[in-house]
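Order of writing sets the labels: A, B, C, D, E, F, G, H, I, J, K and L. Residues in every chain begin at 1.
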C-alpha cells in the first residue's frame, strides 16, 4: 500500500536538521535545569505570609520543570544526540539570583516572569522549526509551552497587585 | 524548673559556629545539585540491556538526591543562611561527564563511585562538626550519609563484576 | 543564538488577533455552561430502564463539560481577557429543554446530537483561526473536539437503534 | 401492625404542598446554578497573591455548589416535579458580575457575602415549610444551610480584614 | 450550670417508651433482612439485557440494606433491647418471591415498589414516634428513609416506561 | 482435533445430576443466609471486654458468609436453577438464638461451632457429589469449606480456654 | 418571592440567644478537650491483655473527640463567639484521673461511663435549646450525641462483664 | 456569529477522504494486533538473565499496544467505518516469529526494531494525510508515534551493545 | 523420609504426555487470542442503547481473555513448550465476524455463546487429560472454565430476552 | 559472647535517672497538650485573607503536636512512669491566649514564636540529659526538636514581613 | 436432609491419617523456613549488574515463601497439630550456602533450582496423600506447587543462558 | 576546603573495627531470624479468646522482625561482610519453644520478654561500640532498639495482669 519508506526526522537523509534540533533542545534543557536551581533557592529563602503563596507555587513548579528537563533529555537521546554533563552548564538567569533582603518578594516575581518569558520565546522558536520536520517534538513543546504561559500569567497577576498597592 | 534558656545552635551566642555550618551545608547543597545534573545525563545517554539496570538505579536516585538538596536548602534557611542562586555554581565532577562511546558503562560506574565517595567524606566532616553543636543537623546528615553509602556499595559491586569479567 | 524575541500570541503586536480569539473562546465558554445546565436537567428528569444508560452517560458528561468550561475560562484569562458573569448568559439550546413526557427519550437524544454538532462546528472554527497564531489554544481545542465527536457518535448510535425499532 | 398507610409527602393527598415545595426547590436550584457560573468567573479573573486564597476558596466551592444543585434537582424529581431547562434561567446576582479592575478583591468578597445571605434566607424558608411535612427535605436543607453559613462567615472575616486596613 | 440530669431516652424513667421503640425497630430490622434475601434472589434470577440495569441496582442495594439492618440492630442494643435470632423471622413480602418466568421483569419492579412503600410507611411512623423522645433515632431514620424514597422513585420510573410500552 | 462435544454438567444429558446439585446448593444457600442473620444478632448482643474479640470475629464473618451465599446463588443460576425467595426460608439453627444473659459468651461459642460443623458436613457431601460431574462447583466448595474449617478451629480454641478456666 | 429577610440565628435581633448558645457550646468544647487529655492518659497507662481492648477503644476515640472539639470551636466562631485559650480551662473529670494500680481497669471503665453521661446530659440540653432557634447546631449536636451514646453503651457492657465476674 | 456550518471530516461532503482514512487506520489496527500477539510470545519464550530486561519491556508494551489498537478501533467507528473481525487478519511480521533457540535474544531485538520501523513509517503517512483534513486523528497519531519512536530507540541501544560485544 | 523422587509432569519420563498437553494448551491459547480480536471489534461496532450493556460486558472481557491467553502462554513455557508467533494463527470463529447492520445485536449474542461453548468443551477436555498427570494445569483450567461458563450463562439470558420479545 | 548484661536505662540500677527523665518528659507532655489547646483556638478565631495562611499552618500543626504528646506519653510509660490526668494541668502560655481583636494576627505570630522557643529550650535540655543514658529518648527528642525549629523559623519569617510593613 | 455426619479429615476416626499429614506438613514448613533464610542471604550477598535480576527475584520470593510457611503452620494447627519451635530446625540445603566469591552467580542459580526441585517433589507427595482424604490441603498444595514450578522454570532459563555463554 | 579524606568506617584503615562490627551484626541477624521462627509458631499455636491479643501482636511483629533481619543483612553487606547461610544457624531461645498445653499463655509471654531482653542487651552493646566509629549503624540500631523496648514493655504489662490475677 505504501511506496515511500520514510521514517521522518529519524531518516539518515535528515541528519542536518536533526542536529540543529538537538542543539535547540540542549539549550532548552539547560534553561530548565537552571530554573530548577533558582526555584529551589527562591522557594526556600523568602520570608513572610504573602511569600508562602509564591513558595508554594515555586515548589510545585520544581518537580514540573525537572520533568520538562527530563523530557528534553529523552528527546535529545531519541534524536541520536548526547545529553551534556555539568561542566557544560553556563548560568544566564542573573535576574533570579537571591535578593539582598529576603522579604523583597517583588524581586522574585520579576525574576520568574523574565525566566518564563525567555523560555516562551525559545520554545516558540523550536515549535516553528519542528513544525516542518518533526511533529512529535512540536507536540511535546506545545504542551510544555502551555505550562510556562500559565505560570507567567499567574506571576504577572502577582506583580499587578503589588503595583496597584504601590510597592513595585 | 529550668534555669538556663539556651536554644542551642540558634542562640545569638553561636553565630560563628552557625555560619561555619551554613558554609559546609552550602557545599553539600551544590554537590547534590551537580549530582542531579549528571545523573540525569547518565540515566539517558547509555545504550544496552545491561545499562538498563544502571539507568534504573540512577533515575530513582535523581528524586532522592534532589530531596537531599532540598533538605540542605531548608536547613540553611533554618540556620539563618541564604541559599545561593545558579551563578554561584561551580562544577567539580569531571569524572561524571558523558563518555565518548555510550556503551562505556564502566566509565559511568567509576564516576558514580567517585561522586559518592566525595559526598561521604564531606558528610562525615559535617557530622563531626555538628555532633558538638547541632544534633538536628547531625541526625539529618546521618540519614543522608546512609543513602550514599548504600549507593556506593551497590556500584562497587557492579564494578567488581566487570573486573571479574576482565572488562574494567 | 536567537535574534527575534517574539512570545507569539502574547505579543503586544498581536492584540487584535488575541481579542478575536478571546471572543471565540467566550462563545465556546457559554456553550459549555449551557450544556452543563441542560445535562443536569436531562440526567435527572427521564424515566425508565433504557433511560438509565443515557442518564449515566450525561451525568459523567457534566463533570467533563464543566471541565471544558473551566479550561476555556483559564485560557481567556491567559490571553488577557475577562470571563463574563451570569448576566451575560443568553440561552440558545431550545432543542434541549425538557420534553413534555419524561419517557420521551428520543427528544433528549436528538437534543444532545444537535448540541454536540453546534459545538463541533464552533470548535473547528477556533482550530482554524488558532492554527496560524496560537498553537497552545489549537492543541487544547483539538483535545476538546475529540470528546465532543465521541459523544455525538455515541448518541447517533442511540438514535439509529430507535429508528430501527420505528420509534424515532 | 400498622393501621394508617400514609407515605408522608409522597401521598396523593399532599399534592398541593408537594407542588409548593417543588417551586421553592426550583428557585434554590437556580440560585446554585447561578452561583456556579459566577464562582467560575471569579475564581479565574482576579489577579494578585492575596487573590489566590479567594480563588482557591471559590474553586473548591464550585464543585460543592454544583453538588447542591444536583441534590436539589434530584429532590425535585423525587417529589414528582420536573427540573427546568436553560431557557428558564433568569440572572439575579448583579453584585457578583466581574469588577472593572481585576485586582478589586473587595468587590468579589462583598458579592459572595450577598449571594450567601440570599441563599441562607431562602433555605431557612424551605426548612420552615418542610419541617411540618417532609423531614427528608428538611434534613437535606439543614446540611446545605450549614455549608453556606460557614462560607459566608469566612468571607465576612476577609471583609473585616480589608476594613481594618482601610481598603474597604 | 445544669440543674436537671436527664439523659433523655436512656433514662430509667423512660423504660416504656424505650421498649415501644425497640419493638418498632425490631420490625424495621426484619423488613431489611427480608429485603436482603429477596434482593439477592432477584439480583441473580432475571434474564436479559434490560434486566442488567435492575440487577445492578439491586446488587448495590444489598450492601445498603444490610447496612440499614446493622444500624437497626445496633440501635436496638443501645436502647437496651436484644436483637432476635433467625427463629423469630416471619416472611411478609409475598410480592417479591421469584416469578414463574425469569424474563418477567415487571413482576420484580412491582415487588420492589411495594417493599419500599411498606418500609417508607413504617419508617414514617418511627420518625413520628421518636420525634418527641429520641432525636438520635429520628435522625437515623430520616437518613434511611431518604434512601428508600430514592429507590422507590427509580423503580416507579422503570414501571412507567414498561407501561408506556404497553407491557405492564 | 476434538471428537466429542460435551460441555460437562451443562449438557442436556445431565439434567438429573444438575437438578440434584441445585437442590444441594439451595440448602447450602439457606445455611449461609441463616448464619448471616444469627451472626448479626450475636455480633451486636454480647456485653463485655472478652466479647469484643468474638464480636469482631463474627462481624468480619458476616460479609464473608454473605459472599458465600451470593456465590451459591450465582452457581444455582449458572446450573439453570432458580434462587428461592424469603417465603421458602426455614430456620434450623436453634443453638444460635440469643441467650438469656448477654454475657453468656460460651453459649455463643458453642452455637458457632455447631453451625460451622453443620456447614462442613454438608459441603463435604457436595464436594463428593460434584467431584464426579462438575469440577467448577467442587473447586468453589473446597474454597468455602476451608473458610468454615478455619473458623470452627478458632472457636474451638475459644471454647477450650473457657473449659480450662472451668466456665464452660 | 420572599418578603421577610431573616437569616435565623445569625440575625442581629437574635444576639441574646446566640450568646447563650455560644456559652453552652463553650462548655461542651471544654468537656471534649478534657476528655482528650484523659483518654490519652488512660490509653497509655493500663497494663494487661484485657486492657488492650479498652486502650484500642480509647485511642480511636481520641481523634473522634478532638474532632468534636474542633466542630464546637468552628460553630462558636460561626455564631460570632470567640474560642477561649488554655488559661480558661477548669478540670471537672476527677473520676478519670489515673488509678493507683495500672491494672485497675474497672476504675477506668467507670470513669469513661461517667464522662460520657455528663456529655450526654449537656448535649441533650443544647439540642433542646437549639431546636427552636438554630437547626444547624441542633443537627450537629444530634450526630455527636449519637457517638457518645454508642461509646457509653459499649463501656456499660464492659462493666457488666466485670460485675458478672465479681470483680467490680 | 457563524456562517459556514462545516463539521470537518465528519461532513457528508468528505466521504471519500473519510473512507481512505478508515482504510489507513484499519491497516494500523492490524499492525498493533499482530504486535500484541508476537510480543506475548516473545515476552514468554526467551531464557536467561539478560532476557528478563527485554521480557519486562515487552510485557509492559503489550498493554500499551493493545491500547493503541483500541484507540484505532474507536476512531474507525467515529469515522463511520467498521472494525474488521478475525478472518480479515493477515500476518506480516515474519521477522518476529519465535527463533529456534530461546536464548537467541538478538533475533528478538532485531524483530522488534523492524516492527517498530514499519509502524513509524505507516503512522507518518497517516499524519501527513490527516494533517489537512482531520486534526483529531492527526493528534492521536502523533501521540502514538512518539511511543513507537521511544521503543525503537531503546531496542537500537540494546542491539548496539550486542554488536559492541561481537554477538550480533 | 521420601523414597521416590518424581517431580510429576516435569519428569523426563513424561515427555510424551507433556507434549500432548502443550498442544492442547496451544489450541486454547489461540482460541483466547481470537476471542480478544473479535471482542474488540464487537465492543466497538454496535449501535444503540441496549448495545451498551453488551459493549460494556465485552470490553471488560477483553482484559480477562487476554489474561487467560497469557496464563496459557506461561504454562506452555513452564512445560518446556514454545509459544507460537502470529504466522501460526488460523481463524475459526466465523460466527463472530461483524454483522452487516451494526444494530444486529442478536448476531453478536449468538456469536459470543458459540465462542464460549467452544472454549468450554475444549477446556473440559484439557481438565480430563490433566486430571491424571498435572494438577497445576487442571487447577488453572477449572478457574478459567468458571469464567467462561459464567459469561455464556449471561449471554444466554440476553438471547432469551430477545426471543421472548420475538426478535431473535 | 557478652559479659555484661545491662539493658541500659531500663536497668533497676538506673531508677533515679529514669525518674528524672520521666519528670522532664511529663513537663514536655503538658507543653504539647497546652499547645494543642491554643492552636485549636488560634486556628479558628482569626479573621482575614492573610490569616488563612496562619490558620492553615496551625491546623496542620494540631495533629503533629498531638502526635508529639502521644509519643511523650508512650515513652513515659516505657520508662515505668505514669501519664498524669487533667487535674495536673497548669497553663503557662499566657502569650497565646486569644487577642482582643480577631484581626490582630501579629499577636498570634508572637505567641507561636514564644511557645516554640519554650519547647526548643526544654527539649534541648532533655537531649543533653538523655544523651548520656538513653539514646532512644534522645533520638525521639531530636526528631521532635526539628519540627519545632522548622515551625518557629516559619513564624519568624511571618513576623519579619509585618515588621517590614511597619505593622508589628 | 443429611444422614451421615462425617466432617472428613477432622473426624475422630481419621486421627492416624491426620497425624501423618501433620508430619508431612511440618517437613514442608521447615523447607520453607530454611528457604527464607537462604534467600535473604543470597538476595544480599551477590555483586554485579546481572546479579540484580536474581536479587530482585529472590527478594520478592522471600515474602512469598514466608507466606507459604505461614499457610503450612495454620493448616498444621487446623489439623490439631503443633507448630514446632526453633530448636527443632535441622538445615538440609547445603547447596544454598553462600559461595566463596560473591560474583559466583551460577552457584546461587544452581542452589535455587535444587531447592525448588526438592520442594516440588515433597509437595507432589503431599498432594497424592491428601488427594484421597483432605481436599482442602490438596488445593492449598497445588497453589503452592505452582509457585515453585514457575520459580524453578525461571532459574532453569537463567542457567541455560550461562551454559550457552560457556560460564556454567 | 577539606584536608582529610576519610570515609569513616569504610576506610581501609578501619578493617579491624569493621570486622568486629560485622560479627556483632551477624549475631543480631541470627537473633532476629530465630525470633521470626518462634513468633510464627507462637502466633499460630495458642488457643483462647485472650490469646488472640497476643497472636495479633506477634503476627504483626513477624514482619517487623524480618525487616530488622534484612536491615542487619544489608548493613553487613555494606560493611564488606558476608551474610551466613542456614547451616550456620544455632538456636538459643529455649524459653520460646511451644509449651505443652496450648492454653498456657503465660509461658509464651515470659518467653517473649526474655527474647526481647536478650535483644535489648545485645543492641545496647552494638550502639556503644558503633557510637565511636560508625554513626550510621548506631542510628539504625537505636531505631530497632526502640521497637524492642516498646514490645517488651507491652508484654511486661500482660504478665503483670496475670500475676495480679494469681495465674502466673
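Just so it is clear, contacts are C-beta pairs under 8 Å (C-beta built on N, C-alpha and C of every residue); 3 or more make two chains touch, one makes a residue touch a chain.
Quick caveat, the model's predicted, so the values are computed rather than measured.
> Among A-B, D-J or D-E, whose interface repeats D-G's (more than half the contact pairs identical)?
That interface is repeated by D-E.
> Quick check: more C-beta contact pairs in A-J or C-D?
Most C-beta pairs in contact, of the two: C-D.
> Between subunit C and subunit L, tell me the centre distance in angstrom, where each centre is the average of that chain's C-alpha atoms.
Averaging C-alpha atoms per chain gives centres 64 Å apart.
> What whole-Å value do you get for the distance between subunit E and subunit K if each is reduced to the mean of its CA atoms?
That pair's centroid distance is 51 Å.
> What is the distance in Å between the mean C-alpha positions of subunit F and subunit G?
Here the centre of subunit G sits 42 Å away from the centre of subunit F.
> Taking each residue of subunit L in turn, which ones touch at least two of the other chains?
Expected reply: 50, 53, 74, 77, 102, 139.
> Residue numbers of subunit A touching subunit J in their complex, please.
Touching subunit J from subunit A are residues 46-53, 101-103.
> In the complex formed with subunit J, which residues of subunit G make contact?
Where subunit G meets subunit J, its residues are 33-34, 36-38, 40-41, 44-45, 62, 66, 69-70, 73-74, 76-77, 82-87, 89, 91, 93-94, 96-98, 102.
> Residue numbers of subunit I touching subunit E in their complex, please.
50, 53-54, 105, 156-158, 160-162, 164
> What does subunit E use to touch subunit D in their complex?
Residue list for subunit E touching subunit D: 27, 117, 120-122, 124-125, 127, 138-139, 142-143, 145-146, 149-150, 153.
> What does subunit D use to touch subunit E in their complex?
Listed in rising order, the residues are 1-2, 4-8, 10, 74, 77-78, 135-136, 139-140.
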